[in-house]
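Here it is: the structure, laid out below.
Going by the order they are written in, the chains are A, B and C; count residues from 1 in each one.
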Amino acid sequence: MLRGLSAFLYGRRGFYLSLLLLPPLLWLGIVYLGSLFALLLQSFYAIDEFTARIVPTFTLATYGQLLSHPANVDIILRTLAMAVAVTLAAAVVAFPIANYMARHAGPRMKAFFYVGVMMPMWTSYLVKVYAWRLVLAKQGVLSWFVDLLGLAPALDHALSTPVIGGPSLASSYLGMFVVFVYMWLPFMILPLAAALERVPESLLQASADLGARPGQTFRQVVLPLALPGLAAGSVFTFSLTLGDYIIPSVVGAPGYFIGMMVYQQQGTAGNLPLAAAFSVVPILLIGIYLTLARRLGAFDAL
Amino acid sequence: MRSSGDWNRASWGGRIAAFAGLAFLHLPVWVILLYAFTTEDRTYQFPPPGLTLRWFEVAFAREDIWAALRLSLSVAAVATAMALVLGTLAAFALARSRFRGRDAITLLFVLPIALPGIITGIALLSAFKLGGIQPGFWTIVTGHATFCIVIVHNNVIARLRRLPPSWIEASMDLGADGTQTFLYVLLPQIATALLAGGMLAFALSFDEIIVTLFTAGHERTLPIWFFNELFRPRERPITNVVAVTVVLVTLVPILLAYWLTRQGHADERN
Amino acid sequence: MTGVQGMQAGGADTAPPAAAAIELLELSRSFGPVRALDRVSLTIAPGEFFALLGPSGSGKTTCLRLIAGFDRPSDGRILLDGADVTDVPPFERNVNTVFQDYALFPHMTVAENVAYGPKVRGVAAATRHRQALEVLELVRLESLAGRTPAQLSGGQKQRVALARALVNRPKVLLLDEPLGALDLRLREEMQTELKLLQHRLGITFVFVTHDQGEALSMADRVAVFRDGRIEQLDTPRGLYVRPRTAFVARFVGSANVVEAAAAARITGTAQAFAIRPEQIEVLPDDAPLPEGAVGCSGELADIQYHGATSRWHVRLDDGLVLSAVRAEAATPGPTPQAGGRVRLAWSRDSLVPLADG
């Protein structure tokens, strides 16, 4: 019986493939894409000012509200600035780590680094956020360490800087920025290391042979070839920062971020249309980011 | 004289930066471990004034933690089971085939993890609201299964693509039909990928908060319990103990999954 | 009856069945706009050792995959032993394949690999194990039955793949570049062994190769493929002595090909022809042409020594380069220098007129 079925399906490859693909496709197509569509739909729905009930009539008022309130625009710009800053910082911090593990470490050291990067990456997200609360707290690990090194004045100076500063690291954009970089750093290191590992040794030898100094080889050969890895990593850091609402609420600073608005509008405020409209912003920003990265040829070498 | 060795040799600066970066990644995790044993229960004082095992005892006696843990484990189990079936089917269909619209489907299979979790969360919530579905156990599972499918799919498809197509042909050539080929040739080859994908999916689901906060309604998974504690810091020592437990519960399957995927690579080299 | 003896019985002493072992009727296979195989018809007799020869992309492998059933033709029919198998899946066809990469299952031992065929056909464990050992004995690998493929050398893997394909006692054995991954010495050894094995078992062998030497030395008949069609189908000797086209003349034994215009200058007739290098004699420039010979003179461009023979490249006055092969022993006296003038001569009978070029 099975053999007959097998022979039947062998001759009908297209039919067999659709049979395999249908259940997962139905799930992602209906549940996931359907939900994204519902999200879009909600963002065009109106809300009754008095009853706070959602009225299913088409309106652009929610988007108008999103873009006309300076506070909302501030939130978008603030989130965008944080995402860009975190992405740049993650790239800078990740590069030496990725470079060492991909190109210099011996096999044992390489395995050690890979596990060493993946373990914190896979450690519970919430626990890590919580850990940073402990680290950044007033009497916490960091301030103990800073005191130990006698760097307290430097920290105070940084915290007194307008905008990024605040009463303590645990309640400042500077602290939030550090936590964001920490959180997404492995997502930058791993693709970067993978890209660097694919650069053949002979290319560096050829560059040196042709008279390039190490710095020149780095700029002219290594960096362009590492670009796809940087691009892939930056998509993670950028997108994850744009969508996060836990870190800004736990490591506090006075201003709101997109994710917090989405969470709050749908929750306590009960304004699902506005939450939906807010959540369309990161989708658009990520789309623009991907297009820009592709235009700049960041994925060409993939 | 210049040589490639100049660039190739890790400078001390580069090496120190690499190790410092790794230490930066690990520091907070060790801090949590330490704080679970501190005798101080009001502030985050460092270094801890003393060490004790008392908080573990207190935490283990808490019924609300156990309930949250049970819910998280069952959600993860059901979501993983669904993902194993659906993700594997998709991987088999997409591994080698070429057809019109394939790229769009491939995109669909990365979207749930490429877009931030908050999008999945609010989107599912919008759909549930529109459909009049009450949030609860199954809405949590729905959200988790969606990204778990992607994890399993990625793991299995990577392994399938490394299998030479001639193995399947050889099996059929020798008289094995599709079922026999799957059982005797493919399944032994993808078993570790399936296991690894399943464990990653389980760990991810167990730990998920961003999507879950939107889909859980009044249910409390362990991460939600933990999240609420963060804003009610009266019971810090218990939070610390739960944090350590969560780290251990997620890290074990993840390290196993990593080891299994490495085994897969090692087999292939032979 | 045991597997091996059963196969041995089917040799030359039984009367050949009426039906051809393989018959391809107007077989085509397109991949998008590319016609990998273009209306190929072919009949292979039972017990024949048949080679599909051609450069990569010529359609020979596509042809083999269609016979095995891994791929389906866009058009045309495939008959095995008289029965139409065009729509029969590979697991229902009585042919087995030796793969280019051997395709041994890494999670099974050598014996399990060989016993896989009987296993999926429902043969009991003890019986199939015995069958596997018998076939392994045939390829002299019974001592390695417990090893895994990872522990075998290339040549040993080759033999296991062969044993695995033979255990089902197929009517036809297909071999896809079977010796491609082996080094030269092993390749020559396996050529002899395959030939002996085929003779002993009397199974039809169809093998794909891009190596003309391999095809000529092993096969009873050779089909030369080019651009999805069979350019010429002949015995090895026939291909060598009577290449029909410039392509075959060049591909098999690298003959000199003289196109119509140049031929008119040399022979007086505008008819393209091929001439084998070993049939060209190199004479001093002032030597008279032998009786009944055709000749021309030119400048010696260079000489490649190959040990027993040497290959002389001579550039004629119109720019055409002909090469001549001479036995080293036949060249007494001082070696001519590159740049010197020489005369080439060959008998009129050794010209092979070509249909094209």
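Simple rule for what comes next: contacts are C-beta pairs under 8 Å (C-beta built on N, C-alpha and C of every residue); 3 or more make two chains touch, one makes a residue touch a chain.
Just so it is clear, the structure is predicted and the values come from calculations on it, not from any experiment.
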Could you classify the connectivity of these chains, where an edge means two chains touch, as line, ring, star, complete or other? complete
Argmin over chains of |mean CA - global mean CA| returns B
Chain pair bearing the highest count of C-beta contacts: A-B
Taking each chain's centre as the mean position of its Cα atoms, how many Å separate chain A from chain B? 16
Distance from the mean Cα position of chain C to that of chain B, given in whole angstrom: 53
Would you kindly tell me how far, in whole Å, the mean C-alpha position of chain C lies from that of chain A? 57
Where chain A touches two or more other chains at once, the residues are 3, 6-7, 10
Where chain C touches two or more other chains, by residue: 89-91
Multi-chain contacts in chain B: which residues touch at least two other chains? 172, 177
Could you pull out which chain B residues touch chain C in their complex? 164, 166-167, 169-177, 180, 184-185, 188-189, 267, 270
Seen from chain A, its contact residues with chain B in the complex are 2-3, 5-7, 9-10, 13-14, 17-18, 20-21, 23-25, 27-29, 31-36, 38-39, 41-42, 54, 93-94, 96-97, 99-101, 103-104, 113, 115-120, 122-135, 137-141, 143-144, 182, 185-186, 189, 201, 204-205, 207-209, 211, 213-214, 217-218, 235, 239-240, 242-246, 250, 259, 262-263, 266, 272, 275-276, 279, 282-283, 286
In their complex, what parts of chain A are in touch with chain C? 3, 6-7, 10-11
Of all residues in chain C, which touch chain B in the complex? 68-70, 89-91, 95-97, 99-101, 103, 105-107, 116-117, 119-121, 150, 164-165, 168
In the complex with chain A, residue positions of chain C that touch it: 72, 87-92
